[in-house]
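Below you'll find the structures, each written out as structure tokens.
Look for chain A in each of the two complexes below; its partner is chain B in the first and chain C in the second.
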Partner chain A sequence: MEIKQISNFQAIALILIIVTNHLILGTPRTLIAETGTGTILNMIYVFILALLLVFIITKLFSNFNGKDIIDISEFLGGKVLKVIVGIVFIIYFLVILSTTVRVIVQDLEIIYFQNISVYVLTLAILASIVFVYKYGSSDVVKCNSIIAPIVGIAILIIAFSNVQDFSLDRIFPILGFGAKETFITGASNIFAYSGLAILYFIMPMLKDSKNFKKVSIVSTILVGILIVGSVSSLVLSFPFIENINEISSLYVESRDISYWQVFQRIDGLFVFSWILALLSYISVVLFIIVVIFRKLTNAKKEFPVVLAFATITYVTTLIPNNIAMIRFLEDIVFKYTNIIVAIFLSLIILIFANIKYKIVNRKNTIINSNNIENKPL
Partner chain B sequence: MNKLFTLIKNTFYPNNEEHYDFILPENSAESVESTDEVKTDEINSQKDPESVFPSLSVNLDFLKVKYNTLINSDIVVREFTLTARNRQYGAFLVYIDGMVDTKIINDFVLEPLMLRNRANSYDGNETRVVSEAISNNITVRKVKKFDLVDYIYNSLVPQNAVKKKKSFNDILPDINMGNCLLFVDTIDTAFSIDAKGFKQRGVDSPKNETVIRGAQEAFTEAIRTNTSMIRRFVNNENLVIESLSVGKVTKTKCAVCYMKDIANDDLVAEVKYRLNNLDIDTIISSGQLEQLIEDNSKCSLPQMLSTERPDKAANHILSGRVVVIVNGSPYVLIMPCVFVDFLSSAEDPNLKFQYANLLKFVRLVAFFITLLLPGLYVAITNFHQEIIPTELLFAIVASRESVPFPIIVEILAMEISFELIREASLRVPSPIGTTIGIIGALILGQAAVEASIVSPILIIIIAITGITSFAIPDFYLSFHLRIARFLYIIAGFLAGFLGIGIVLFGHLILLCSLKSFGVSYLAPYVPATSKNNKAYFMPPFWSREKRPDFLNSKRPRKQERVSMKWKYKVDN
Partner chain C sequence: MEKQTLNKFFIIIAVILLLLVAIFSSSSYSSNIDKLSYAIAIGLDVGKNSSMQLSLQFSSTNSPSSGSGSSQSSEAIVYSVECSDINDGINLINNYLSKKINLAHTRVIVFSEEFASTGVSDVIYTLINSVQIRPTASIVVSKCEAKEFLQSASSKLEKLSARYYETIQNSSEYTGYTQDISISQFFYDIQNTRKNASAILGAVNKDASHASANSEQESGKYVAGQAPIDSEDPGIENTGLAVFVEDKLVGELNNIETICHLLASNNLKYCNITIPNPLNVSDTIDLRLSTDSPVKIEVNLVNGNPFIKLDFNISCQLISMSENVNYFSEENLKKIQDAVNVYMKQNMTDYLYKTAKEFKSDIVGFGRTAIHQFLTWDDWINYNWLEKYKNSFFDININSELKSGQLLIET
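Up next, the complex of A and B:
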């Protein structure tokens, strides 16, 4: 995809699709397991933290207009750091992609396709993505801008369709496992905002890079609404112990929804939107991987790169051989990879790059002023 | 005994009677290549003489050969003697019988040329004095020499549309189009006289795009009639109708119509570029042209609107689009077009916005039902039974109890039968078509249910799908949905909602990738353009202030912010 093509709405949709997919899967369960009945409070707190973080990121990016994290790392540490950071981010995206695909496929197998092997299901999904990539990545981004809002709205509908089952008693004790767990260790729940990692790469693709701040803030608010809404609904609807035992809490919640006598259980429809979200999610993450890879290698053609990474994803998706391992990937690897790569590593690079920028700028200013002073009158 | 004898005779002495068995001989590769070259040369008229000869006999011989007058029965060559300024010149007319009005030729071509009259009986050698002046007893006269070409053109052919032609490349298409060509000895110019008089269908009411409140006239096969209808609707001098011809053999006349002060120049240039760069022998209809100039010719989705309604064409021209008319086709092409255009009817602009939006909503529902209902039925009954109420599920199961086939066989058989009925009723004469519909839909359906070949609920599904497909205003979009529906059925059978989701995702990507003359197919939604009032649902007429912004027209605004000034006063 050529740069300077993505509109603000499409950029926000890219972030939304990542978060919605994680919400559909185990993220709410991991969040609730961390903070118990204090999850709602924790989510509001984490939302404020995420907003602050995004504000800091936009500030740190302000000196690097039109650049992404790969360009900034090149500025900071030359080509070596650029390649290292690029590879780290490719691995990061591959890990979250493989984990997500495996979890969804495993859930689909449990719910509907007991007789079909995970190998076949994964292959069908990834093959369809590779097939649609023949049209080009710009169309994937466009298509995502249709699917992401639909899925986001579907999640909110599911979250609030069980409003009659909400019980305020379930949020007590309000601090869950305690103030420390809610506000100190609970801060690690910021991994739920991992979709915002897209922000590190989106600036050069925006039609107008001046809108980066607007895109960042709006997407954080929308992501916050989705996370707080869906998690609150789960906490209010079910005892927290039930939430942490289910494969996909939102799916279970959707099974309880019935609209009069017409739709007695709408979980099938939820799965339908969920599948669309999954396909869009895979194509978007592959799109970001391709963008990074092409930046590192100057690869001209897009399709072979997509094919190669889809194959890698297929192989890595099939590595876990039991549900316990998948749970481990989902709860621990996914969470801490997000925190380490998407938050700490990127922030450190940005902070050091800004320091270097100021030093270089200061040096340039001194040289310039010396030149002016030394000039013969 | 005789029979036995005949049998033995036929077996051992086969009949030597010759059987007529014609086989088209194949050309060898070399001869095919050489023939192609010759044909291309002939088509391009490279061997033809470029200019008209001054010698009448040479022109006559050339045209006789060119038109194979010895075997062609409808080519008429009328030789006669032309009188001009009391002199006689050999001349001939050439035209195609049936394409010209013989009365016009007799009364307004042959008569003035052949009959001696006072006007052309004086001495031909005289020169005409244009002006005369006397200075110093010397008379200075400005004279004009006699010019036969001008004389014939100005004085002898009392016709409103006469053109001088010097090249055979211009002359031949004129003859083919129904003009009468006059050749005169000693001059290297021919006269193309418009004497067209072929029979053509008159302006009729629209057959396929009927409306209640709109105009009741439709395009015809004649290009000039069609352009005149558009002119009458647009009624503005900025309407440009450019003519060009497509096809090396047929040289089919096409007209590109647009508003000079509204349509985007690049759009007009692109349309003309595509039309001018078609290396093709023949074009007979707008449907053929459409396939040659659309952006993605492999995709079954329509990328241009075709309409038989001049008011619809005029509406689109006024919104900044380009219309292409093909001679001989009663459907014109409108470009560029976006997806929502194919779900809009010609009636919509004439209705109050509430009625139009209700109809648009119904069509949108019809679109999704046509596309997805059979696939969803298969997916739900095979994989997601929990989604429907238990009572309905029991009813479906009970109705399928005696059906021996799996659902996929049942639904594919019924879908194919429905397509057969539809195709058969279209191809037979209209009175029988109704009968086929009744037999197909009622009797066969009833019999199939009673014979337990299909379940009654499936008949309902197929019938609803069929009816909704008729609610899609665009014929080509309806075709696309009919094809795509089979994909959704198979996907739903293979993997339930997962399969349908995968196909739908691919379908969405396809829609996102399509463009119509540089305009995104899903505009104004994807990519989301700025707020405009040419989205799917219509605002009230008074607030349709802007033209669709994806057209980037020269005049984005089509009415003032307050159009009803009689009601709302605006302070300047």
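Up next, the complex of A and C:
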């Protein structure tokens, strides 16, 4: 089934679900570890960078109306580049999917399902997604547009429920580990916006591809609010301590939430919303993988492709056999894969494609003008 | 038809998977409430033969009092065991009880003074690492054995032990004699570079502890267990604070010092104090104190040492009254305000220099203000605030304002 009817809201929800899951995964912890008490300053700076980047991306896409990054790669380097870029993106999405699933399932096991093996939990989660795909990917997109806002709001509730514990003193020393670490090396914190990688694929799916710019800017602002909000609440609520490494920092924050004497230990509610978020996340990422795969292979049926990639995800999810490996995946592989593929590779392709577009256009203009000149009067 | 069959097939697979999860989840058996024992308090003493003696206080789930939840029974039982670490102890008691111990309802974690002075970080890290422990569980340092503290933790006024622990923490809000310190706050404070940790100071109030009273108590200064309360039902009393450097207990604060601590750290809701009556030297007057605005703290580094300036705005309400006196005349108001200023300044100075010179522990958290002067984390760490705090000197300014009395204005 081809998806060509995604509304602006559904498109934004696709991006939001990626980012919310990364926030649950522990992205705020990785961000704070990089820049310490300077994280809020760094986040504002990175938000501006992300907005600029998205603005550039929309500009670069403006010459390729209705195309995604795979089509643009084909334009730039023919079928070979199309296949290479397609495979790179499939691997990229599989890596972030497996890492996210493994880390969140591991956290769920620690928090609530201590007597259930990770193998069974992961199988149950992936099987449910495969089951959902029996009803087609359009339902996945619709379902996600309900879940993503709920999870986004839940994250903001967590962020601001501990407002009474906020202390502005915790943002000092204002430069954290130093100006260089906050503004130069800290720029690598832009990986937190990796959910925006969906933008590279979304244009052909939009009902009206003219709305691409609007969708891009609005999603970046919403993602920015979520990231800055959740990171700020962590920085302002807890003293920065260099040597503490916790599981999902949002979970640790949610444990402190209580409303009066009546509602205590309500972290379970948030964990429930995160399970929904994880299910939606897996289905969305699988959806994008399927879209890329079908572009590369012209596969007609969607379900067997989903089943195959779900199986690959299950196997790769179970590869890490200890917490050190999971942490390595989360802190290094996840971060740098996002930076390399979602930012650099895509930007390079877009820039070169635009150069080629201009050259081709200029040639066409010259040929056209020559033709006009050579036309017998 | 084929599609319908496939759908059925997938539904069957989904149901089988759900069943598998349920069957393989042994928690469905062991998490049954009948198989659990909820510990409402944990006590830790230095062991005689092992490194620690763990005491757990349970409320019996078999005989809940009417209208109470499972963790709020009138029957509290304390089990103790000598063990090498906290999980080892829990396992031993688990085995003895044949019920799975659950710490989800633990409200208080009690260390004996002796145990706390050897360092509590291992225990705190282990407990904070547990998913079950609530971050809001209170930390108490007991002047008696932790086991004795737990055994005495009930009152005729509040039979439910779990609720009793809740009420005694709340009392700090209207007495100012202690401060509720949670395990999460304590955990962060023992590693914090801006402040040191403190904990509730508790003891069993009994005749023997009254006997240890000294001359200070003539001026109404007590630590936990020393208040001369005559009761047929000796219970626990939380008065004062236990002061830590890193994870080790280094000293204790009495009730008046705790009021000063709460004032300096902006945590005082209100409290009552008794000061010498400036209008009659042989008499005293009682005032209810609260703060008009947060204390203004300024930290400057003078020759590398902290110079800390504190500006307090205190609001007073006169709660005692004498015969034939008008406390609210212009002249008397000023005299009372001056007396409050002198009394509070003296106590505040004693308290602050005690924390700096005697304890070398910044439990107020002046480091949170001092850190504003540093641009980078390395500068801050190299300065080593907690080490430098002992060289601090203070300038204290108290502005009190007597706002009102209660029902009587003049007699």
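Just so it is clear, the second predicted complex is superposed on the first by the 372 of 377 C-alpha atoms of A that agree within 3 Å, B and C clash if a C-alpha of one lies under 4 Å from a C-alpha of the other, contacts with A are read in each partner's own complex, and residues count from 1 in each chain.
Throughout what follows, a residue touches a chain if its C-beta (ideal position, glycine included) is under 8 Å from a C-beta of that chain, and two chains touch if they have at least 3 such contacts.
Since we're looking at a predicted model, the values are computed, not measured.
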| item | value |
| --- | --- |
| Touched partner set for A:136, first chain B, second chain C, both or neither | first |
| First, second, both or neither for A:336, with chain B first and chain C second | neither |
| First (chain B), second (chain C), both or neither touched by A:280 | first |
| Partner chain in contact with A:128 - chain B first, chain C second, else both or neither | both |
| Contacts of A:344 with chain B and chain C, given as first, second, both or neither | neither |
| Which of chain B and chain C A:113 touches, first, second, both or neither | both |
| Residues of chain A that lie at the interface with chain B and also at the interface with chain C | 113, 121, 124, 128, 131, 264-265 |
| Residues of chain A that touch chain C when the two form their complex | 36-37, 110-111, 113-117, 120-121, 123-124, 127-128, 131, 134, 167, 169-170, 172-179, 238-241, 243-244, 255-256, 258, 264-265 |
| Residues on chain C engaged by chain A in the complex (per definition of touch) | 6-7, 10-11, 13-14, 17-18, 20-21, 24-27, 30, 104, 131, 134-136, 184, 188, 191-194, 368-369, 371-372, 374-380 |
| Of chain B, residues touching chain A in the complex | 380, 383-384, 386-390, 495-498, 500-502, 504-506, 508-510, 512-513, 520, 522, 525-528 |
| Residues of chain A touching chain B in the complex | 7, 9-10, 108, 112-113, 121, 124-125, 128, 131-132, 135-136, 139-140, 142-143, 145-147, 261-269, 271-272, 275-276, 279-280 |
